[in-house]
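Chain naming follows the written order as A, B, C, D, E and F, and within any one chain the residues start at number 1.
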Amino acid sequence: MEPASAPLSLGRVLLTGAAGGLGRVLRPRLRPRCTLLRVSDIAALEPAAAGEEVIEAPLQDRAAVATLLQGMDAVVHLGGISTEQPFDAILQANIVGTYNVYEGARRHGVKRIVYASSNHVTGFYRQDEVIAATMPVRPDGHYGLSKAFGENLARFYFDRYGIETVSLRIGSSFPEPKDRRMLATWLSYDDLERLVVASLTAPVVGHTIVYGVSDNKAAWWDNTPARHLGFRPQDSSEPFRAAREAAQPAPDRTDPAVIFQGGAFVRMGPFE
Amino acid sequence: MEPASAPLSLGRVLLTGAAGGLGRVLRPRLRPRCTLLRVSDIAALEPAAAGEEVIEAPLQDRAAVATLLQGMDAVVHLGGISTEQPFDAILQANIVGTYNVYEGARRHGVKRIVYASSNHVTGFYRQDEVIAATMPVRPDGHYGLSKAFGENLARFYFDRYGIETVSLRIGSSFPEPKDRRMLATWLSYDDLERLVVASLTAPVVGHTIVYGVSDNKAAWWDNTPARHLGFRPQDSSEPFRAAREAAQPAPDRTDPAVIFQGGAFVRMGPFE
Amino acid sequence: MEPASAPLSLGRVLLTGAAGGLGRVLRPRLRPRCTLLRVSDIAALEPAAAGEEVIEAPLQDRAAVATLLQGMDAVVHLGGISTEQPFDAILQANIVGTYNVYEGARRHGVKRIVYASSNHVTGFYRQDEVIAATMPVRPDGHYGLSKAFGENLARFYFDRYGIETVSLRIGSSFPEPKDRRMLATWLSYDDLERLVVASLTAPVVGHTIVYGVSDNKAAWWDNTPARHLGFRPQDSSEPFRAAREAAQPAPDRTDPAVIFQGGAFVRMGPFE
Amino acid sequence: MEPASAPLSLGRVLLTGAAGGLGRVLRPRLRPRCTLLRVSDIAALEPAAAGEEVIEAPLQDRAAVATLLQGMDAVVHLGGISTEQPFDAILQANIVGTYNVYEGARRHGVKRIVYASSNHVTGFYRQDEVIAATMPVRPDGHYGLSKAFGENLARFYFDRYGIETVSLRIGSSFPEPKDRRMLATWLSYDDLERLVVASLTAPVVGHTIVYGVSDNKAAWWDNTPARHLGFRPQDSSEPFRAAREAAQPAPDRTDPAVIFQGGAFVRMGPFE
Amino acid sequence: MEPASAPLSLGRVLLTGAAGGLGRVLRPRLRPRCTLLRVSDIAALEPAAAGEEVIEAPLQDRAAVATLLQGMDAVVHLGGISTEQPFDAILQANIVGTYNVYEGARRHGVKRIVYASSNHVTGFYRQDEVIAATMPVRPDGHYGLSKAFGENLARFYFDRYGIETVSLRIGSSFPEPKDRRMLATWLSYDDLERLVVASLTAPVVGHTIVYGVSDNKAAWWDNTPARHLGFRPQDSSEPFRAAREAAQPAPDRTDPAVIFQGGAFVRMGPFE
Amino acid sequence: MEPASAPLSLGRVLLTGAAGGLGRVLRPRLRPRCTLLRVSDIAALEPAAAGEEVIEAPLQDRAAVATLLQGMDAVVHLGGISTEQPFDAILQANIVGTYNVYEGARRHGVKRIVYASSNHVTGFYRQDEVIAATMPVRPDGHYGLSKAFGENLARFYFDRYGIETVSLRIGSSFPEPKDRRMLATWLSYDDLERLVVASLTAPVVGHTIVYGVSDNKAAWWDNTPARHLGFRPQDSSEPFRAAREAAQPAPDRTDPAVIFQGGAFVRMGPFE
């Protein structure tokens, strides 16, 4: 066994969407590993702790976002809308917002972005299909469309400007799986942290797409093409299986929300 | 940790081939999880225990088989011949018999079938190939041909009538591996049970083909496309390796039974 | 340019199903290239011309079929049922019948079979998919199931006994395309003849599966894996397009017969 | 040979971007085959000919666009920006504009859209790679990103609402190839017309992506997966080869515009 | 139609192996298109015509070979042994010789090499397989091994030094097909010339592997991945079919030379 | 649990390169499992222990090498140069040397070879790619080229003479990972032993290529196609992560040695 060493510093990191569900989970977990953690959101944020900066900014404001990027080594971009909503809202928060983050990164020389994409980019695959990130996208709504846009933006900024991204197609990250579908899609908070840290510290990532999911027994996603990242989930939804199955013993197999990976997202809308 | 819940009931289940080797293994393991376990075979069966019905019926008898299906939620279809035999016997028991089971399921609205297929569907692949269920079949005899027919029937009944099947390409399910080949093909009884339960309880399966094999060190079959099922074998042939290797230290590498995955099946026949 | 040579003799060839639609087309086309053309059917046949033998025999009669194979160099096996029918009829004519042909070939040392399979082996793929013969089968009925069985039998007899087969997944072979679907599936009689001759004369075929289709503009099938056969269709459905489109200007895109490759076959049945 | 029939009517068709380069090419070619051709653009349009309606409307105006769709059987959506431009302009014209077209189609029951996508969706592949539309996108700029968005939108509207699209990844459609790159990417106007007509008349297309390119000798794109459309280009850039090679005898192989398929697009920007 | 232009000059080109079979074919065909054609061989060469230089040099002589490369724009490397021979001879002529050519190119800044590889790189595939250059190699002898080495060398010199190569896996280039196998493998001299010219003039090739074969009816090789080159063969072995089939009417299907693509090469050797 | 059995004897084994780094590791580990362990090298070797023979021989000496093979059941061929060196040295030691080993095996009827290939056969893939042994090679230098040659030789000797080989694309086998790159490439000595033993004892291997790497968190290589071997690494580089990251906190992402899998090998040379 090696003598102990301190874990690798993550450097100066911007965390967008820090007031959101996953933002609040990651903020205290990232802070101790960063030289500086700059947190941002459009919503109110907890005051800055030691080693933190707090800057409120709407993602649609290109200039404000550019300022956020100044002096950063990396970004964890969680900001934007993370539920299915009418198109115009998603357009501003997710499409324009993510564009602004990449433009800010380009201007200020930030070279690594961890981008919170979503399993809803491929939500119209069936639950009896096992897919890999190399397969064509099948978004299940405005939200999934915006995340597919963000992934393509990431690919472009790598091909054109050498800015690296890990796009995390996050399954369902909650304290525990909330329904039967999440037995397959659950990402524990500890595994989320492992994934974000691996994405920030891997020496070379280009544009890597990885599904963010724990080591659940049932799996819809094959992360083989992203094994270079070093992400190895250690949690599983299995301890929750009996309770979740008991609560939903007889899923309706004719319901698109049961058939497709995106769950209820696939039958939301139209909104107008 | 969640509070304990009872495992999901399997509902009303028909078990065919209940007097056969695997039927006798599964019968007592499935019974406690079923609302009703109806067991059937052409051979004599143990009397019905509590929660069981016993019905003897030959699979070739379409009307009798249809009656078996009445009122069932699901079928575990193990019935038929499971060794290499002359064609006419296999034709009746496996091809006609399985057709009768599917027709019975269609008539009586049974929507989930777990079908005991076999690794002999692909027995003419070499032992130094790792194959997946998406690759073309290469049956190694009448038995393998009949099982390939059954899988195609399952695909058709799903595409045409929405009846779901999990086709289990069972390796070698015995109390322990009996020879060197089974170090790769062994499926422990506990893993068999896990596989059947996963196949019955997964919310959506369409037509899924999965190899039924324990977590043996050497593997000829890549079950990645079926990981959505949630089958994770927990046993391994490794404890038996030294004994099996000692018993067969020098396999003849020019023997087709050593070269091909189907083992001795590949050189049985012709029968006439 | 080379000095002219006579085309390669096809040797002693058995043609089954010689009284059927394609049998009657091929009989006079093959005869002049054969040393002997033995024609057979269960139905009445035209009397033997010079260079022909005529033997009526039901395919279900194993002994009678074996006799047919005696002394042959090759078989063109068109016999059996070529429409969707109740299972028991298909079982006898196509499954038992084809088994009998292969057993006869094995016993009498016949080494090349051209087998009339069908596009209905993959009829449940969509019309907007382009598929290859290496993809999993999706039969669209009893007929398609029986043809998939025949292909697997062919694979087995090659792997086990070295008997070679070309399985022809024939599209729609008629004097002309009869409806809009056949603009994609049509196989002209001349192209059918080219395909059968190529299948009989290619030096090595193992078990080759090829779609039998003319060079139609719209194509559902990619024959790249079978280009070693040397089949190059020279006809096209295009001259018939305007008339067929005029007759069916507005196909109902919600009709499974319009959506799937198998056309009307996909919604035949159930028969009982 | 069949008796002559009139070609299939294209029905009531909306042509957006009718004042643009390809719009002006297609308008007179489509008109005679339509029951009604409604043409639209933000720019001034030629007055309506017989069988035409002319409606000026900006694509960003959701209500105006919805009105355009009313009563249509199909849309050929060429509208928007077709060069590399700053993001905000592309966002409005191409992303918002195309969303508006699809929403209009959904509201008014239009079931077939032919969408002018672009080869710039995959412009960051190398010129020595041959790619298919099933491979991951690699957009080469804002324009390519917007077209990738449109394709994903098309996929979503098919999966969710059953609206079919053919996405045309148009190469370079001009009267003749203008430089050496276009020897590979050129789409003649006649072939463009063939492609649009095939896309409108194929009975089933789901969401099909096809590269719009003539039968040039050098090809970067493999359209095998879209052969079901029935598009067979009949023109070639070959007659222009000598002149184009003479004009650019020594391309600089270190120039990204020479290396990548997107040509000069890959080194445009940044714009701010 | 364009006004006529002179075809693109090939610049200063080195032709090795100019005294060999294909060297003598290509020398007069390339000369008029080159600024300078430097021809070399170990064997005696025809005296220099106008626009030519003649230099005799053994490929094993690194310094002599380096001198050959001086001042060249491109190389057509046909030199070395092109039949199956004992290893030591092949080692010197083909492995050491080709290394010397690449080292010479690197030293003298030559940026494009057309390398005469061979179908014997994949000669142990069966004649009923259709393969692409992306599949693993299966050399059929010392000669095939040396050509696989040369292809790997080409890949390395591109990855490491940016020197581009087109590796031509030449089938059988003779005035006409000499036996039944060559009905599939024949490359006419005109098509050979087309292939070499396309390889020299394509703007970007990286390391491209292409099978050198005419448009024969039967094809073992799928050149789709190399279609970016612009090589379109225009000849066919078909006019020679009848004569070649008449001369070998009954190939022995148990002979490895009949079964495998490499023909007689697969059963040459051992030499010691 | 089975009664204990002795592990399978490896028989009479030749170990070449026994004086090298891995040779000294394997010699004492293999000896107790062999009937006879013959060790060889060009360098001085420890005297023979019980059950050993020691024979010094240069690999370039065909006759001497042939003698080494006499009477052996299997070979573990580690001999040759294992660093990047000028071509001529590599040519003799690795290309000629390995040819001599295979020729010796052929002459003396040795039927199984374990060949120390290297990850440098594919060193020009990027570190953010996960590759399998079925993908085209991309050697990163003379050493990688020589190992690719050896793998092709192995393929040929299996296809032609039935001699089986497992080619081990060894990552970095040292007592511990020495730098950040080795967190992905490390193969512990215990896992190396497991791999060699599995390669010697698997009943059927044909020509199998496997990456020799421990169960490290980050993985560039997907060994799925070789799972039939039964190699399951049990060690991991993870305990060394913190120290290695601390020592190289900020790898230069523009350095080819950081970008490509081959590490520093990719920028060695040219040597002349």
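The rule is short, and it goes like this: contacts are C-beta pairs under 8 Å (C-beta built on N, C-alpha and C of every residue); 3 or more make two chains touch, one makes a residue touch a chain.
Model, not experiment: these values are computed from the prediction.
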**Complete:** Every chain in contact with both chain A and chain B is listed here as F
**Prompt:** Can you name the chains that touch chain A as well as chain E?
**Reply:** D, F
**Item:** Rigid-body rotation angle, chain D and chain B, from Cα fit (steps of 5°)
**Value:** 180
**Message:** Given that chain C and chain D are copies of one sequence and touch, is their interface built from the same residue numbers on both sides (over half shared) or different ones?
**Reply:** different
**Item:** Inter-chain centre distance, chain E versus chain F - centres from mean C-alpha coordinates, in Å
**Value:** 33
**Message:** Between chain A and chain F, what distance separates the C-alpha centroids? Give it in angstrom.
**Reply:** 40
**Request:** Specify, in ascending order, the residues of chain A that touch 2 or more different other chains.
**Result:** 224
**Message:** Applying that definition of touch, give me each pair of chains that meets it.
**Reply:** A-B, A-D, A-F, B-C, B-F, C-D, C-E, D-E, E-F
**chain A to chain B touching residues, read off their complex** = 126-130, 176, 180, 183-184, 216-220, 222, 224, 239-240, 242-243, 245-246, 249, 251, 253, 258-259
**Item:** Residue ranges of chain A touching chain D (in the complex, touch as defined)
**Value:** 87, 91, 95-96, 99, 103, 106-107, 124, 134, 136-141, 144-145, 148-149, 152-153, 155-156, 159-160, 266, 269-270, 272
**Item:** chain B residues touching chain A - in the complex, by the definition given at the top
**Value:** 1-9, 111, 164, 198, 201-206, 208, 224-232
